[in-house]
């Protein structure tokens, strides 16, 4: 279940931001995207997740193998932790949420409504969603925002277990997760070249 | 799909707003009409069917922007779009949840409010049937409108502007059917037209709504 | 000139329309002046309706164009959805305000004509009501264009709205017919009907319709050019900001 990205160009707000991005993500591997703010990491991840079409290039992945987690966790404030998790499990055709609850230490919070969770707890719940989906390729945008040191270690353990089980992960993050085996891809060199000002094609790009 | 449906209904019930607000609005509109046109019961009886239809339509409109806005804000819509559920299914389930929490209560409340407007006895049956047939179309059209405006900051007003013209055929046939029922006329034709509109919107608009959602998400 | 899609290139479109725009504009003015002057001053009064009938030279062409503008938007919207030519989407955007004005002219002249004829400015007649609904559709369409910042998103959403709206506009037309049979006279123009408008009225009417069509084309070309330039300017500014 290798994800292959070939010569991908992506645009944000009608402006080409990255071009010529190519990489392979094999089972068991993790790839960390780095680059300055605004370079287009989020846009790249959203394109790979299929939320927006690429300008050019291809993303090849087995159908139904990706799961995406963005900046927002999609937690409903009026539903309990259990209800939030079960909902996503059902959407992905799964039932069991106990492994996810245990991995992110949510047992004590299981009946608390989502609205009463702290930012870090919400993030943990959002990341626990990845486990209940049963998908092999995780596409994660800044997964460690608002996590404390312990929770980051917890997350790194979960990712490592996921990789060991044959999964893979594509992450955009600034902090060091302590995933020694992860490759790092700096996207700064892929920044789209500024085109000649008179050179408008039909698509105004 | 069932998971999404139960979640949406649960959210609507827990968040308040959903159920109660639409019904209360319906009640208020119907109560205000006699203040506006006068208390003569023969006049009210004549306009009752139309007023109930317009009240139901406006009450339905009131809660449309909630269909997608909350899921958009907290990022659930992104996650749903990458989930195995097709967007068409999301759209139709959202419409169904909206109908169950808004349309159906309005249908059930309509006969009670009909008493307030001295609706003639012959009118109750056609009124309920017309609302029962017509409100699903209102929910489905509204879901399309909500999908169109989901990414906009001041989408609420625009949503009404976009959706109300689309409601015209449903309103015309629905109210016509109820009115003919009141007058004791044959209401077969508007009934069939109304059913046709509802079936057509449910068959086609989920695709339009899904296309629009995908555009808004990218 | 290999294919019509060549004109989907903004540069080619602007170059071509720049060349033919003066001709169309002059022709539009000539047709309008001839048609209206002929119609107003050189036709006899109608034996039933008197001189009020002469408003027909504004009313009928504007009503026709109100509908044709929407049809043109529908076609260009479909072209945008299928072939994704930006000029097509911008042409639809350019046509909408022209269509609104045509609808308003048709409604206003209809009211002015209706006053002496039917004794009322407004009646909930099926045709009048349909035009009012068409007017609302135009408003919603334009408002949606204005509300969305990203040009491609706006083009996509308005195109789909135009498609859905067309179906519902057609549905409304039949619904309104069913709802109230009206006062309005039948269509005064058709090629095979016996009771056609008399030739004396017919020819100036044709000329003023031609004038309205040409005026519409000229305005749409001009506005599409403006939209293309505005779009290019926004793209340049976005590129500048990205630095």
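When the chains are written out, they are named A, B and C in that same order, and each has its own residue count from 1.
One rule holds in what follows: a contact is a pair of C-beta atoms (placed from the backbone, for glycine too) under 8 Å apart; a residue touches a chain by one contact, two chains touch by 3 or more.
Quick caveat, the model's predicted, so the values are computed rather than measured.
Which chain maximises the distance between its CA centroid and that of chain C?
A
When you average C-alpha coordinates per chain, which one falls nearest the overall C-alpha average? Tell me, please.
B
Counting in whole Å, what is the centre-to-centre distance of chain A and chain C, each centre being its mean C-alpha position?
Going by mean C-alpha positions, chain A sits 48 Å from chain C.
Measuring centre to centre with CA averages, how many angstrom lie between chain B and chain C?
Those two chain centres are 32 Å apart.
Go ahead and note the Å separation of the Cα centroids belonging to chain A and chain B.
Computed value for the inter-centroid distance: 37 Å.
Could you pull out the residues of chain C that touch at least 2 other chains?
Where chain C is concerned, no single residue meets two or more other chains.
Going through chain B residue by residue, note those that touch at least 2 other chains and give them in order.
218, in rising order.
What are the residues of chain A that contact at least two other chains?
Nothing qualifies.
In the complex formed with chain A, which residues of chain B make contact?
The contact residues of chain B facing chain A are 2-4, 7, 10-11, 14-15, 71, 73-85, 217-218.
Provide the residue numbers of chain A that touch chain C in the complex, in ascending order.
13-15, 17, 194-195, 197, 200, 202-205
Quick check: in the complex, which residue numbers of chain C touch chain A?
Where chain C meets chain A, its residues are 8-11, 84-87, 150-152, 231-232, 235-236, 238-239, 242.
Within their complex, state which residues of chain C touch chain B.
The touching residues are 133, 136-137, 139-140, 143-144, 147-148, 153, 156-157, 160-161, 163-165, 167-169, 171-172, 174-176, 178-179.
Where on chain A does chain B make contact in their complex?
So the residues of chain A touching chain B come out as 46, 49-53, 64, 66-76, 78-79, 83, 86-88, 90-93, 129.
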